[in-house]
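By written order: A, B, C and D. Residues from 1 in each chain.
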Amino acid sequence: MDLVSEALGQALAATESLDGGEVADYIPELAEADRHRQALALVSVAGHDYAVGDADHEFTLQSVSKPFVYALAVDELGIDVVERSVGSEPSGEAFNAISLDPATGRPVNAMINAGAIMTTSLIEGSDTGERLERLLATLSAFAGRDLHIDEQVYASELETGDRNRALAYLMRSTNALRDNVDDVVNTYFRQCAVLVNAHDLAVMAATLANRGINPVTGTTVVGEAAARCTLAQMASAGMYDQAGAWLLKVGMPAKSGVSGGIAAVDPGQFGVGVFSPALDEHGTSVRGGAILRTLSEEYGLHLLAHAPSTGRRDLEVTVRRDSTVLLLPPEIDFAVAEQLSHLAGRLIEQDLTAPTSVIIDLAQVSTVRRSGARLLRATVDQLQLAMGSSLQIHDPTAVLH
Amino acid sequence: MDLVSEALGQALAATESLDGGEVADYIPELAEADRHRQALALVSVAGHDYAVGDADHEFTLQSVSKPFVYALAVDELGIDVVERSVGSEPSGEAFNAISLDPATGRPVNAMINAGAIMTTSLIEGSDTGERLERLLATLSAFAGRDLHIDEQVYASELETGDRNRALAYLMRSTNALRDNVDDVVNTYFRQCAVLVNAHDLAVMAATLANRGINPVTGTTVVGEAAARCTLAQMASAGMYDQAGAWLLKVGMPAKSGVSGGIAAVDPGQFGVGVFSPALDEHGTSVRGGAILRTLSEEYGLHLLAHAPSTGRRDLEVTVRRDSTVLLLPPEIDFAVAEQLSHLAGRLIEQDLTAPTSVIIDLAQVSTVRRSGARLLRATVDQLQLAMGSSLQIHDPTAVLH
Amino acid sequence: MDLVSEALGQALAATESLDGGEVADYIPELAEADRHRQALALVSVAGHDYAVGDADHEFTLQSVSKPFVYALAVDELGIDVVERSVGSEPSGEAFNAISLDPATGRPVNAMINAGAIMTTSLIEGSDTGERLERLLATLSAFAGRDLHIDEQVYASELETGDRNRALAYLMRSTNALRDNVDDVVNTYFRQCAVLVNAHDLAVMAATLANRGINPVTGTTVVGEAAARCTLAQMASAGMYDQAGAWLLKVGMPAKSGVSGGIAAVDPGQFGVGVFSPALDEHGTSVRGGAILRTLSEEYGLHLLAHAPSTGRRDLEVTVRRDSTVLLLPPEIDFAVAEQLSHLAGRLIEQDLTAPTSVIIDLAQVSTVRRSGARLLRATVDQLQLAMGSSLQIHDPTAVLH
Amino acid sequence: MDLVSEALGQALAATESLDGGEVADYIPELAEADRHRQALALVSVAGHDYAVGDADHEFTLQSVSKPFVYALAVDELGIDVVERSVGSEPSGEAFNAISLDPATGRPVNAMINAGAIMTTSLIEGSDTGERLERLLATLSAFAGRDLHIDEQVYASELETGDRNRALAYLMRSTNALRDNVDDVVNTYFRQCAVLVNAHDLAVMAATLANRGINPVTGTTVVGEAAARCTLAQMASAGMYDQAGAWLLKVGMPAKSGVSGGIAAVDPGQFGVGVFSPALDEHGTSVRGGAILRTLSEEYGLHLLAHAPSTGRRDLEVTVRRDSTVLLLPPEIDFAVAEQLSHLAGRLIEQDLTAPTSVIIDLAQVSTVRRSGARLLRATVDQLQLAMGSSLQIHDPTAVLH
C-alpha cells in the first residue's frame, strides 16, 4: 500500500474506538444507514486519488451540496449580487436555525438551510427543470462523473420537509425570496438527495482546492473567485455552531451533511471526502470530524499554520568587484519580493550604476506566489529605469513573462 | 521611495475620499482625535519595516489588545484550559454583546468584550500588580519596545465602563469568572489604554505572522501554537458581526479597536498596522478597513487564495538505462510529497531494485512545508527499506536532517 | 340623544384630533380604507345597544376573530386540552412573532398569529368545510346575526399570507400542528375575512361580558368557563407587545385587528366595539385605543378599580332583649359573608342559644356574588347546627335556594 | 374554629401531598428553611384576620417586596414618570432575566429584578439612609407593624448578588439608572431581607385590595391610583414566565418570592399571605401556588369571573295612572345606570311631563359603583332639566350627594 493510503488508513483506524453519536433518523433511508461503515478519500491537485474504507459506498449529499451550489451562484452572478440575497456571517447557530435578518428576511449565510434554499433560488433557469439540470450538471462536473438523485430519499425529504418550507415561506413573506416555495424547496431537496461516495466528495473538494478546476478531468467548473469565496464561507460558517472551534482545531474549510459525509479542503493541495454516519449533536459525523482533526494535526494542514517547517532560502547577495549578483530563491512570495525591493532601494540610493553592474539571477525560481508577483515585477522595472544597461537579468525559465 | 512604501502610499491615497464614519466619543480623549490623521505600516517576517502617514502618532490599543492577551493566555495555559473559560465561536454580534452561555456564563469568544475580560482574568499573577506587569511586558515584547499606559484614557474608561463591569458581574454570577470584578475590569481597562502607533501594530501583527517570534527583535514572544490559535480567533471573530464578510472580502486575520487602529496578518509573510479614527457602525475604522481590502485585492493577500500564480515545478523523473532520477522541486509541500510517494509505490511494485538504481535528488529543495515534511521522510524511509543500497540520496543541503 | 350615546359621542369627539397612524396596506382592500371613517358601539349585558359614527360600516374581523375562535376551542375541548397545543403566556412580542417553544413548537399564546392558527386547527370538523361552517356559525352566534366572508379580502390574504404559512409549517415541523398547512391556514384566512361592523363587535364582546350568553339573542354561545378563559387571554396577551401597558392604563380585556377594529369587555357590564382604520406601530387602531382609554378613565371601567365609589352597606346587627337581628346588606360578596361568619363564630362561643333567638334577615339581599355564596351558606348551616330552633331565617326572595 | 379559618385549613390540607419543589439554596439562610413549615393567612377589607399554620413564623420578603416598593414609587412620582424608567410589559421570562430595552436600557417591567432595582432607585431620599428609612416605613405601614431587616440574610445576599449588580451596571451603562450601583443594589438587598410572616403578607395584600388603605390600622399607605397600577403590574407580570397561566387559572393579582411567600389580592375583598418554602422551577412556592388556585376555584375568586351568581335585581318600573315610579335596585353599576338612562330617553321622547310625574326611588340603593356613578347623576340631571317639577326624587340615604 502506498504511503498516503497508509496515512489515511491510520487516521481511520485511530478513530475506530469512537462509538458515540447517532445516525440521523428523520427519514427511514438515513435511519437504515450502517453506523460501522466508513470511508476516507483524498484527491490531490495533481489529480491523484487515494481511498480507504468503503469509498464506493453511496450516500446522499445533504448539506454538503450547499457550498458547491453556492460556488455556482457566485460564479454566475458575482459575489456582490449573491450577497444581496444571502449574507456571509457565521450565525453561531444550528443548521436549521431561522437566522434571517428581521427587517429584510435575508438569511445570515449560505451554509444554514435558509441560506442554502435562497442560494438554490438564485441559480438561473427558465424553469424548475432547467435549474435542476444545471445544478446536477455542476455537481457532476465537480465530481467528475454523472451524479444521480436518490428518488426514494427525495420522496422522504418531501414528506418531512416542513421546517424548510417554513424557512422558505418566511423569506418569501419579506420578498427576500421571490420564487414559488414548493418549486425552490423541491429543487433543494433534490440537490440534497444527490448520491455520491467518499471519493466523489474528495474530487469535489479538490476542485475547490485547485481554484475551481477539477484536477481529475481538467474541467474548469467555477472561476477562481467563486472557489475562493466558497472556501471563505466554508471556513467561517461551514460547521454551523462549531465553526469557530473547527477553524481553531482543524483549520480546514469544510462542510458536513446529516448523511455522515464531510468534504474538506486544503487550498492549493488537496480535497478530502470522509463518510461515517453517526452524528454528534451539531449534525456532524463524529468519526469524520475526528479523522479530519487527526489528519490536520499529524500532517500540519492547518490553514493558519502553513509557515515553512524548514528554513526558507532568502535572497542571496554576492558583491564582486565589478558586479553585484542578486540570486533569487526558488519561491518568490511577498516576503522575498519585499527583500529585493528593499535592496533595490539601497542600490539606487548608492548610485551603483556607473562602474559596476547588477545581475538579477532568476535561474532557481520555480514558484512566484500571487502575493509576490506584482512587487517583483515592479522592482525589476524600477531597477531597469534607474540602471539602464547596467542591469542584467538572468531569467532562463521566463519567470518574468 | 521604495516600492513597498509606494504601494502603501497608494493604498492610503486610494481611500482618502472616504469621509464617512464617526470618531468614537464615549470618552473625551477619543472624541478629540483628528479624523484626518492616518497611518499605515507594514513589517515583514524578515523584520523590514515600511510606513506611510503619521506612523509615529500614538493612540490607545483598545480592542486591538484582545488577540495579544489571548495569545499570552493560550501560551501560558494551553488552548484546552483557555477554552474551558472562553469559547471559540463567532457570535455574529457586536463587540459589547452579552453573548454568554446561559447555563455556564462562558463568553462565546475572546474577541468580544466579555471574552476579553475573561481572558485577562486568566493571565497569571500573584496579585493585580503582577498580572498587569506581565501583560504590559508581553504587549511590549510583541511591539519590540516598552509600551506605556495613557493614564488619562484609563481614568476616563473607568468612569464610563459600566457595561464592562456588568459583563464581568454576569460572568461572576455563574462562577465563570472568579476574580474580583473591579480588579479584573481595571486591568482590562489598562490594557486597552496602552499607547501604540501604527508601526507598533505592524510589529505586533508581524510577530503573529512569524509564528510568535518578533521579527525585529528576534524574541520568541509566544509559541507557534498560541500564535496559530490567535490567528484562528482573529479570522473567525476578530471583526465581530462583520467577521464573515471580512474573511470573504479581505481574507486576512485582523482585529480592530475603537481608537481607529487595526492590526492584520498575512501568516508567514508580514503584519500590517493601520490607523484612521473615523469608525463605521461596527466600531471598525472606515478607512482602515478599506485600506486593508485594497491591499488584499491588489496584492492577492487573501488567506484562501494563496495558490501559486505561476506554474509550480513538479517532481521530474528521468529514466536512464541503469538508473531512475527523481529530481525534487524547490518547494516540498503535501502535493509534491504525495507525488513522490505515488511514484515510489509504483517503483516498488515493479521491483526495480535489482539491476538499476534510484536516485532521489534533493539539491534544488529550498523549502519543505510542514504539510510535506512527514510524508517526504516516510517515503524516503519506505524506499530505503525496499531498495537497500540501490537507493541513492543526493541531499547537499541536508534537507532530510 | 340618550346619555350613553352622548358619552360615546364625546369619547369619539375627544380623539378626533389624533391624526397619527397608518392604514394597513399589505392587501389592497385594507389599503383602500377611509382613515376618517370611525364608529363606536356599546351593548350592555341587558342587551341594550348604543352606537355613534358609522356603526353599520363593515370591515373584516382580522385578529379580532382570535378570542372568539379560542372561546369555541376551549368550550369544545376544555382549557387543559387546549393548553397542550397553545400556551397562555404573554410573549411581549408583535402579532406576527414566531414565539414558539423551541422544543415542542407550541405557540406561547392564542392571540399571536401562530397561536391563532393552532387554535383554528383545534376546532372540530370532519373536513375543512365542516370546520369552517362551525367557525362561521359560532362567530355569527356571538354577533347575533349571520356573518359572511369577504371573498376578495380572503383572496388577497391568500396571496400575501406567506408568513402565516411559515408559522404553520414551523409548527408542523415539530408535529405540534397535525393538519394540512394549506387547509388550516386557508380556514384561518377565512375567519379573518369575516365581515362585521362596530355594532357586531360590541355584541360579540358583550357575549363574553355576559358569561357566554349573547345578551341580545339570549343564545348561550359558549359556557362560562370558556368565556372566563378567553377574557383572561385577552387581558394578558390581547394587545400583543403593549398588553401590559393596556392592562395598566385601560384595564379592559380587549383584542385589536389590523382592519382597525377593537373589541373590549367590561366583565358583567357590557361589550364595546370600535372602528378606526389608522394603526399604530403595534397594529392597533390609534383612535380606537384612545377612545377606550378615555372611556375607561372617564367612567372608571378599569378591571382592577371596581371597588365601590360610595360606601358599601355592611352587615347590621341589632341586639334586642330577646333576639339578635343580623340584617344582611343587598350585596353579599366574600367580605360580607366573612363578616357574618366572623360574627357567627362569636355568637356560638357565647352560647347565646338558650333564652334568646338569632334572626338572619335576608330581605334586602339582591345580589350574592359567587365569592360570597359558598361562605354564606356554610355560615347559615353552622348556625343552624349550633342553635337549632333558636335561629330564624327571614328570606322572602329565596336567596338561600 | 370559624368558617373562614376552616376553609383556609382545608385549602392547606388539600395541598399537603404536594412534595415537589426545592428550597432555595443560593444563600445558607434560605437553604436551612424547613420545607414542611407552612402558613396561610387572610385579611379582609373590613380588617378581620384569619390564619392557619405557622402564621407567626418569619421569613424574608424577597421579591414579594417588589410590588409594594413599586406602589410607593407610583404614589410619589405618578405612573407616567415611573414608566419613563420602568416598563409595564410582561417579559415571558424568568425573574432574573436581563429584559432591558436594547436602546434605552429600560427594564420591561417592575416585577423582574432589573425593574425592581430601578424602582428602588426611584424612591426619593437625600441619601441612601433616608431612602432606606422611607422604604422600611412604607413596608411597615403596609404590614401595620414595624418591620425589621434580617442582617444575616442581607449579608449573604451581598455576597451572592453579582447578577443583580450586573443588571444594575447594564442599566447604568445606558444612563437608564443614574444612582451609584452599590448604593441602590444594597438598598434593594435590604428591602428583600425584610422579615415578615404570612399574616403580614395578608395585611399588605389587603391594603392593596382596599385601595391603598390598610384595613387594620386605617392608615392610607398609598393612593388609589398607585394601588390600582400595582395590581395591574401584579396581574400581568407578578408571576414572571407563568403570569399568563396564573391569570388564566387563578385570576388573582399576586407576587411570589424565593423564600416561599406569596401575596395575593382579591380587589375590594381581601388579601392573602401564604408561606411554604419548596419552590417550582419558576421560583414560586409549589404549595403556595396550589393553595391559591384551590381557594380561587372553590370560592370563585377569579378576577374575570366576578359576575353575580344569583340574579341581580334590575330597575323596576311601575306605571300608575298619574305617575311612573322607577325603583332603583340596591347596587348601581354601569348596567343599571344605563337601563335608567335608556328609560329616561324614552320618557323624555314621549313627553310624559305634563299630566304625570316621574318618581325616582333611591331608597334601596346601598352601593353605587364607580362605573355607574357618573351616568346615574347625568341621567338624573337630564330628567330634571326635561321634566322640571314633574320629577320627584326619593333619596333617603343621600345617594346622590
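Everything below uses one rule, namely that a contact is a pair of C-beta atoms (placed from the backbone, for glycine too) under 8 Å apart; a residue touches a chain by one contact, two chains touch by 3 or more.
Bear in mind that the values here come from a model prediction, so they are computed numbers and not experimental data.
Asks: Which chain's mean C-alpha position is the greatest distance from subunit A's?
Replies: Centroid comparison gives D as the farthest chain from subunit A.
Asks: Identify the chain pair with more contacting C-beta pairs: B-D or A-B.
Replies: Higher C-beta contact count between the two pairs: A-B.
Asks: Using Cα averages as centroids, what's the distance between subunit A and subunit D in whole Å?
Replies: 64
Asks: How big is the gap, in whole Å, between where the Cα atoms of subunit B centre and where those of subunit D centre?
Replies: 60
Asks: Using CA atom averages as chain centres, what separation in Å is found between subunit A and subunit B?
Replies: Subunit A and subunit B have C-alpha centres separated by 21 Å.
Asks: Using the touch rule from the top of the page, what residues of subunit A touch 2 or more other chains?
Replies: Not one residue in subunit A touches at least two other chains.
Asks: Using the definition of touching given at the top, classify the network of chains in this structure as line, ring, star, complete or other.
Replies: ring
Asks: State which pairs of chains touch, listing all of them.
Replies: A-B, A-C, B-D, C-D
Asks: Hey, which residues of subunit C end up touching subunit A in the complex?
Replies: Its residues touching subunit A are 98, 162-163, 165-170, 172-173, 181.
Asks: Can you name the residues of subunit C that touch subunit D in the complex?
Replies: Per the stated touch rule, the residues are 1-4, 7, 44-46, 48, 79, 83, 87-92, 108-109, 210-211, 224, 228-229, 231-233, 235-237, 241-245, 247-248, 251, 253, 266-270, 298-310, 312-314, 329-331, 333-335, 338-339, 341-342, 344-345, 364, 366-371, 373-375, 378-379, 382, 399.
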